[in-house]
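Chain nomenclature is as follows: A, B and C, assigned in order of appearance, with residue numbering initiated at 1 for each chain independently.
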Amino acid sequence: MSTEAPLFLPEDRYFGPDSRQKDVALQLYQAVAGLPLVCPHGHVDPRLLADPDYQFGSPAELFIIPDHYVFRMLYSRGVPLEALGIPRRDGGPVEQDHRKIWQTFAEHFYLFRGTPTGVWLTQELHQVFGIEKKLTADTAQEIYDQIEARLAEPEFRPRRLFERFNIEVLCTTDAATDTLEHHQAIRTSGWQGQVRPTFRPDAVYNILSPDWPAQIEALSRVSGIDIHSYATFTQAIEARRAFFKEMGATATDHAALTPYTEALSAQEAEAIFQRALKGQATTDDHRRFIANMFMEMARMSIEDGLVMQMHVGSDRNHNALIAERFGPDKGDDIPIATEFTRNLKPLLNRYGNDPRLTLVLFTLDESTYSRELAPLAGHYPALRLGPPWWFHDSIEGMNRYLSSVTETAGIYNTAGFNDDTRAFPSIPARHDLWRRVACNWVAGLHVRGIVDMEDAHQMARALAYDLAKETYRL
Amino acid sequence: MSTEAPLFLPEDRYFGPDSRQKDVALQLYQAVAGLPLVCPHGHVDPRLLADPDYQFGSPAELFIIPDHYVFRMLYSRGVPLEALGIPRRDGGPVEQDHRKIWQTFAEHFYLFRGTPTGVWLTQELHQVFGIEKKLTADTAQEIYDQIEARLAEPEFRPRRLFERFNIEVLCTTDAATDTLEHHQAIRTSGWQGQVRPTFRPDAVYNILSPDWPAQIEALSRVSGIDIHSYATFTQAIEARRAFFKEMGATATDHAALTPYTEALSAQEAEAIFQRALKGQATTDDHRRFIANMFMEMARMSIEDGLVMQMHVGSDRNHNALIAERFGPDKGDDIPIATEFTRNLKPLLNRYGNDPRLTLVLFTLDESTYSRELAPLAGHYPALRLGPPWWFHDSIEGMNRYLSSVTETAGIYNTAGFNDDTRAFPSIPARHDLWRRVACNWVAGLHVRGIVDMEDAHQMARALAYDLAKETYRL
Amino acid sequence: MSTEAPLFLPEDRYFGPDSRQKDVALQLYQAVAGLPLVCPHGHVDPRLLADPDYQFGSPAELFIIPDHYVFRMLYSRGVPLEALGIPRRDGGPVEQDHRKIWQTFAEHFYLFRGTPTGVWLTQELHQVFGIEKKLTADTAQEIYDQIEARLAEPEFRPRRLFERFNIEVLCTTDAATDTLEHHQAIRTSGWQGQVRPTFRPDAVYNILSPDWPAQIEALSRVSGIDIHSYATFTQAIEARRAFFKEMGATATDHAALTPYTEALSAQEAEAIFQRALKGQATTDDHRRFIANMFMEMARMSIEDGLVMQMHVGSDRNHNALIAERFGPDKGDDIPIATEFTRNLKPLLNRYGNDPRLTLVLFTLDESTYSRELAPLAGHYPALRLGPPWWFHDSIEGMNRYLSSVTETAGIYNTAGFNDDTRAFPSIPARHDLWRRVACNWVAGLHVRGIVDMEDAHQMARALAYDLAKETYRL
């Protein structure tokens, strides 16, 4: 292996392969590449932007330790998470030498060939940190030095990067019980960056969790409503939604194993809630309670105008050993087959015709794109399809999404793009990848005689910018 | 937006993007473009062709009001169906001004960018009606004028269009209780156009429907058989099949939620039938009765030679509000995951080895193409795979179908193409799209060194013409 | 049809269509085309290689009669299996004239246009047998003569072909009760070809089979362990694994309808085993017993180092008539939808983090590639994804596999390629097809700016050779 190869980042990357399509794609891309970034859904910690002097830590703390996309791949090929510095729940020993962690990462960087993580990192290293060489075992320490040096500079404070990245708006994801103190700090700081919270109440719906009583207590406290019944519970939820909205939120977000929806009667909901308070809720209670809360969330969205998001179909913490030793979000969430047509029927029959509701659906089961999601979104006024999610937020994932969804739903029933990332400095690379792939896809429509250049330009812009902004009411 | 852009319909459309593939595709296409159209399955109203002076009505009546592919997309983006003139079941007010409906349609025509409806309409407007401009808010009324003027001309009577479209044979879809009076009228008129009925008995199988007693009464009446038992019911069905065959039918068609098949004993079938007559049939009775009727249809097909079609996997009338207000077929039929391997086993084990049977399968679940349908069709002599259906009757849908099905089943276990349309003037555009996409796909095989040009030409012709004709015994 | 067309086998076949991608693909291919063939999984009969003078029989015996990929396609279009010389279980009459069988095959060879069988056979006829003409009704007998003449030559003995094919290692698939006498004969013969057995114990796990008591008796006999309990049963299995390992095996292989796994307690396992011995096992016993044996196999693999393979999702012998008349493996095994995420959880939670285990998964349900398999393999150290299997071992099947699996799992969590064939002379064509398609896919990554040429070369080599060898510990 040549150890000091230059980075491979051709100008026409992710376009083609056909050269005429590449030319058209480049033309479309150049017209949208400079548009501001709209980030309606993601997991950036608002703390980064609350503190004007926030520093990212070491290159390993920035790129490896918090990023399950990265460390799961090394783990899958036999590198223990401890060797990558992932903290153990029991406080057991893990690698503390960040240069060593970085070296291990660099030695295994070949695993990311042909993956989105590989292309994001390559672009990020170059465009954000100015790295000119390919990351290998031999260049690892030199590149570490360079990143470290950059991170020490004032221009690498998150707020400066936010501005340099040309982010128009960034939405975070926040628990229902969150006081939003960091959001408050951003608002009162006078800094002009637009950062908004998103209401994510999953933890207070999870009546089977050992943590649930503490969640309810916290919800009572922050809402100022004494929760002792389903009625007071929903009042507290409504109060929190109002608070989030006041703090700039335009959306809510909901995760569940399935998109099952069902309207419980007030009595049924109350009975389940009371069983839950006594620690006697069953698995079926849990399933129906979540299903009912989806209904409630749609109702409240119609009332308060918050856009509703559903992220379903992930079997979280599949690997019990990892969950026990390192906790959640460690790269072992595995998708399952998902059914939307029947599961969403109760909700859509009650609320799907109401144009005040916007419900954005995300799936990890690509077989639902053309079979269920596009036909649903191509009919119900309330529905929008979220961009390819998680494992599918990739070049081929985007191609499959665009070619499976659009013919039935059109692009105008999609929600454009969101980066869904915790990794703040990767945001430009992720949007750039989408914009390139979307432009190349539109270019493919043009060179195959399906849309003229006027339409192509409008479609490229809609996918790159307009649809996200419009869908999320930003 | 330039408001008077010319139509975008390049000669090499839907080919490529690779230029060598485009060249080969064009060569293959030119050899099949002029072949007559074989239309073995669709929903054209035979009345159009029974009356030599039939007129289509206004452009809105031709293009929008009856076409759920069109109005569902506008509805999904907030346009009320009333604004598009869709009649309400309660007779409530809907837009009566067809120019206004057309204007609304034109203003939303951008929603169809990249969709098959968009490309069909564009081609139809140009090739059938001679429109030279792109449909936009600004050109809407001028184009309305042009279409209206054309529709008044004698050359735009359906029979003249049938001849101009070079339709060799057109099969309609007709209820088991239909008297086929329009088909009779066509036959006795002396007009040479070949129009054939297809036997579709779904309504008389639907024992749970409130309408079922009336259906059975009608079936008794038209068959002249007093239906009071399962035995007399099947006799009546046989009599109707014989009548349809006499009237030119070569096929039957069957829709169901799933392809579940099961042979009931005579006693079981009779017991269910008697419960149904008393209005006491259960959901499970319904499911098993349909499953049994699939078996009966296969048996009768072996006896009378009618080709059997199954269209399964659509959850019809998903949106209760739309169904109640506007009735069925309003763009809210949503696909579900479908299982063929086990569901069809009883039928295939009994009849699938019999070469007298031809059973054509259609699916809305693309994941079944390579997993179930191609392996089944690549083994059982009785099976043929219908072309990509409904939402998948599109450029990318066809590409996915051809590349998923062919490697296992070959093209010679497919049924070629059918347009499946209610929209008579769209027939040439639909066949042209298929022929172009099929030729481009075959061209892809050639430029990738998989088939020589001699084979390529034969495959293109088979897909464009021969297979449909042979499968449906036309 | 021109009856004497030359074979169509362009140098750049299966590449492209884009010409720049073709150029890069050819460059990558030329660097791997000469690498030895690693064949870690397949169904070649070891007898071929045990006897230095083994002869293949007639062209029909070589190409048609034993190959269900071939005869199922002719059967699907109405050719009776009897006409192809497939032996009936009842000894009933079948075609004995192999020239006539060959003629029938040639007349139907057009059915294989665009199929992998078509391209394998074309390449095999040319490269192994030197045929220069296209197989048609008119060239059939001349080509038969040529093949027959070649098969009589000493260079067409299997061992000579093994050497000429440049096979580095070939693994067969052998029953748990097999004495491995042919493997023994190969080892003691002094011939240098590396041929290894694979331990496939399905038959001794199938407690519902009428044949099971005989299997257990045979297992007792060959293991020298008197099997009267679950404990003695597992001892016998362990003894056989040890014997297979001694005889060169590096892997085991397991087929089942689903990948359901469950650890039974010793008592439960014993109870089921005793019911089975008495012929009283239930369907549920069977399901759980298989699930438990998967757990046991993983445990034993950790102990003895044999790589574990799972081939799941085929509903075997779907066509009862064919099974009764001709027996199993007659082209009527049909895939079903398959679930891995939940079914494998018990096994992966117990053994999936252990780097001593290598578990290679194969699927017939392509919807699981991106949804379940790639996320699982991209996390668990024990997992590898087997290459596209059976119906999906094809150009488009490989393209779908590579583009669905790699972005999440990377190529380094795959097991490279195996040919999985009974048809010994087709081995080079199958590997060549994979190498070409893999190189073309990598070339696509390069021309789209995703990987540089250095990475591209390493990926091509890994896919063509390294990954298979490493995964199977060869």
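Rule of thumb we're sticking to: a residue touches a chain if its C-beta (ideal position, glycine included) is under 8 Å from a C-beta of that chain, and two chains touch if they have at least 3 such contacts.
Fair warning: this is a prediction, and the values are worked out from it, not measured in the lab.
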item: Graph class of chain-chain contacts, one of line, ring, star, complete, other; value: complete
item: Interface numbering overlap (same over half, different under half) for chain A and chain B; value: different
item: Interchain centroid distance [CA atoms averaged], chain A/chain B, Å; value: 40
item: Numbers and ranges of chain C residues touching at least 2 other chains; value: 18, 337, 367
item: Chain C residues within the chain B interface of the complex; value: 1-2, 5, 8-10, 12-19, 72-73, 75-78, 110-116, 118-119, 134, 315, 318-322, 331-337, 364-367, 391-392, 394-397
item: Chain A-facing residues of chain C, complex; value: 18, 20-21, 337, 339, 341-342, 345, 348-349, 352-353, 355, 367, 370-372, 374-381, 383, 403-404, 406-413, 444-445, 447-452, 454-455, 458-459
